[in-house]
Amino acid sequence: MDGGLFSMMKLKKSLLILDVITILLVASAAGLVFFYAPLEAVMGYVQKVFYFHVSSAWVGMLSFIVAAVAGGVYLKNGQRKWDITSYAAVEIGVLFAIIAIITGSIWARPIWNTWWTWDPRLTTTAIMTLVYVAYLMLRQGIDDPEKRARFGAVYVIIGALSVPLTFMSIRIFRTIHPVVINAPNGTSAAFDMAPKMLLTFLFSLFAFSVLFVTLLWHRVELGKAQDELEQKKLLSND
Amino acid sequence: MIHVRQLIKRFGPKIVLNKMAFDVSQGEFVALIGPNGAGKTTFLRILSSLAKPSIGEVNVAGFHLPGQAASVRQRLGVVSHMPLLYGDLTASENLLFYGRMYDVADLTHRVQEVLQLVGLLHRSGDLVRTFSRGMQQRLAIGRAILHNPDVLLLDEPHTGLDQDACDMLDGVLRDVAVSGRTVVMTSHDFVRAQNLASRFDVLSRGRIVASIPANKLSPDGLQAFYRESLEQA
Amino acid sequence: MKNNANPSFIKTMLAVVWKDLTAELRSREVFSAMLIFALLVVLIFNFALELEAGTRASVTSGVLWVTFTFAGTIGLNRSMAQEKDRGCMDGLLMAPVDRSAIYLGKMIGNLFFMVAVEVVVIPLFSVLYNVNLLKPGLLLVVLLGSIGYSGIGTLLATMSVQTRTRDMLLPILLFPVVIPLVVAAVKASAGYLQALPMADIQPWLTLLIVYDVIFLSVAWMVFDYVVEE
């Protein structure tokens, strides 16, 4: 290991600090959601799911962007760490996209009186999840790690380009999904946020973004360790 | 003609070719022998520009790989254990297609000529699907020499052929394909390799461990030499 | 020894198209498999949706595009499997040619197969259900949709034939990323069928063209990465 034990120790230490910060942030976000943000007049308690719902959806989307960018960098320079990052981002993305869909359903049941509707955002999130899953299946079907990385990068870029188009294509239909920010006046689906709600919302977004970075970092470290292990196994076989 | 130094090829963490060095001068016929998994096929795939070296210097016919792949490809013919032919095209259509991919001059005439050389002129209008393995392999040789390459690579050309077909293939190789060209062949069939090659190189664990001119060996001598060099490696 | 110049982009592309079409004209393997599959899909929809006069106006374009999408994957899989069968893909890659010319050649071949099936299915559909599908606008939509579909499909099929699961994987990879194309094509076709004003159809046409341009150029750029080793 030419990187030196020292730099690894330092890395581990900064990661540990980030862990603590993340736990504090997410805990405070939860605290704000339950004790600080006022109860929404019409929807009641179920509205509180919204803070983490939007944050999860945001992380799901952010993961895709990170995965596609890392994939592009990998195709350019071929360094393993970019493939590991891209793969890690997809894994985190699929988790948060599913959380977003489930929390969305919990919210939609009492408010829209249905578990599911074919609204652009919901549908796009579902399709994004399917692209993620297809990506994971593609990787599973390839033995050569380099080919796996290349194909994964190509597919995640294609996926990241198609998902916004999917959103646009469904958006041209009418939507009943609440438009949270910059809602045009008179849109019945929009609800105005009290300042305390807005603060809680923005804080949740921030906390989840930090959570994403922390998880990604952990997953990348894990991926590197897996790589090393695989290498040692192969060398000991010879 | 072929010049390889410090060649490393890895698939992920697995190292297949390990700082390999390899030289072939013009007109030589080198047979690469070695146990399964020694890296023979991988090495030929690198020489044929299908796989990229991880690190190292590879020079074929005066051009570097992978940087000048297009120039190398123009001067290279490959016969593999797969025929690389289209079953739903006739023999001459296959050659016409590949001829266009190499921009061969005066193509129709050249196709007839090559079909004549590999002894398939009478079957030129038949679908490759209907050909026996041996005939497909002969046509594959025709495909490989269509554009008059300087270097010929043969990857286990005898795989799946019976004795007669092998004899016929060797005949075509000797009379038509090899003359004046630089050839690298991988093979498990020592007797056949000895009839063709001018030099033997033993490949083991990703590098050349021994090398001997073919004329210094009796048939049994090659076996002994092979075992010895593997044990020493 | 005499060495030749490397062939031009167009010449390579045409050679690949010529090769695919010649082989197909002889065996008719891809075409007949796609066509029979397409007809079966139409037949199944007929019973599943009871395509009666009242309902069919709104579902016709949907049925049409599901048919093309499904039949398309059969064609893509067959066309790439032929390259793998006798190692021909290696033969193509060893030729001194631009690889994006190979991609474009394969893509045009696949487009031909798809259009050939559509040329049979569309009039047949018109006769069977007594709707006139032979409208210039609709045919333009069919062409635009097929271009995007074979563009991205050729790239993904090249990837999927190289995996362990092979042809099983293609629809899983392809369908989630062609959704915008299919949605736009269905909506634009329905617009022409119901003779909606151009202003209602225009956004869908734009989306189709945007999709075609984006994915053809991306596939063109990344094709090298899915064939090299």
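Order of writing sets the labels: A, B and C. Residues in every chain begin at 1.
We take it that a contact is a pair of C-beta atoms (placed from the backbone, for glycine too) under 8 Å apart; a residue touches a chain by one contact, two chains touch by 3 or more.
Since the structure is predicted, the reported quantities are computational estimates derived from the model, not experimental observations.
**Q** For the interfaces B-C and A-B, which has the higher count of C-beta pairs in contact?
**A** B-C
**Q** Among the chains, which one keeps its Cα centre farthest from the Cα centre of subunit C?
**A** Chain B.
**Q** Point out which chain occupies the most central position, where each centre is the mean of Cα atoms.
**A** So the chain sitting closest to the middle is C.
**Q** Rounded to a whole Å, what is the gap between the Cα centroids of subunit A and subunit C?
**A** One centre to the other, that is 32 Å.
**Q** Please compute the C-alpha centroid of subunit B, do the same for subunit C, then give the distance between them in whole Å.
**A** 37
**Q** Just give me the whole-number Å value for how far the CA centre of subunit A lies from that of subunit B.
**A** 50
**Q** What positions in subunit C touch 2 or more of the other chains?
**A** If we look for residues of subunit C contacting two or more partner chains, we find 228-229.
**Q** With touch defined as at the start, can you tell me which subunit B residues reach subunit C in the complex?
**A** These residues of subunit B touch subunit C: 45, 48-52, 69-71, 73-76, 78, 80, 82-89, 93, 97-98, 100-105, 127, 136, 143, 147-150, 180.
**Q** Per the contact definition, I'd like the list of subunit C residues that touch subunit B in the complex.
**A** 1-8, 11-12, 14-15, 18-19, 22-24, 26-27, 29, 82, 85-88, 90-97, 228-229
**Q** Can you tell me which positions in subunit C touch subunit A when the two form their complex?
**A** Per the touch definition, subunit C meets subunit A at residues 152, 155-156, 159-160, 162-165, 169, 172-173, 175-180, 183-184, 187, 203-204, 207, 210-211, 214-215, 218-219, 222, 225-226, 228-229.
**Q** Which of the residues in subunit B come into contact with subunit A in the complex?
**A** The contact residues of subunit B facing subunit A are 11-14, 205.
**Q** Which stretch or stretches of subunit A touch subunit B in the complex?
**A** Touch list, subunit A to subunit B: 144-146, 227, 230-231, 234-235, 238.
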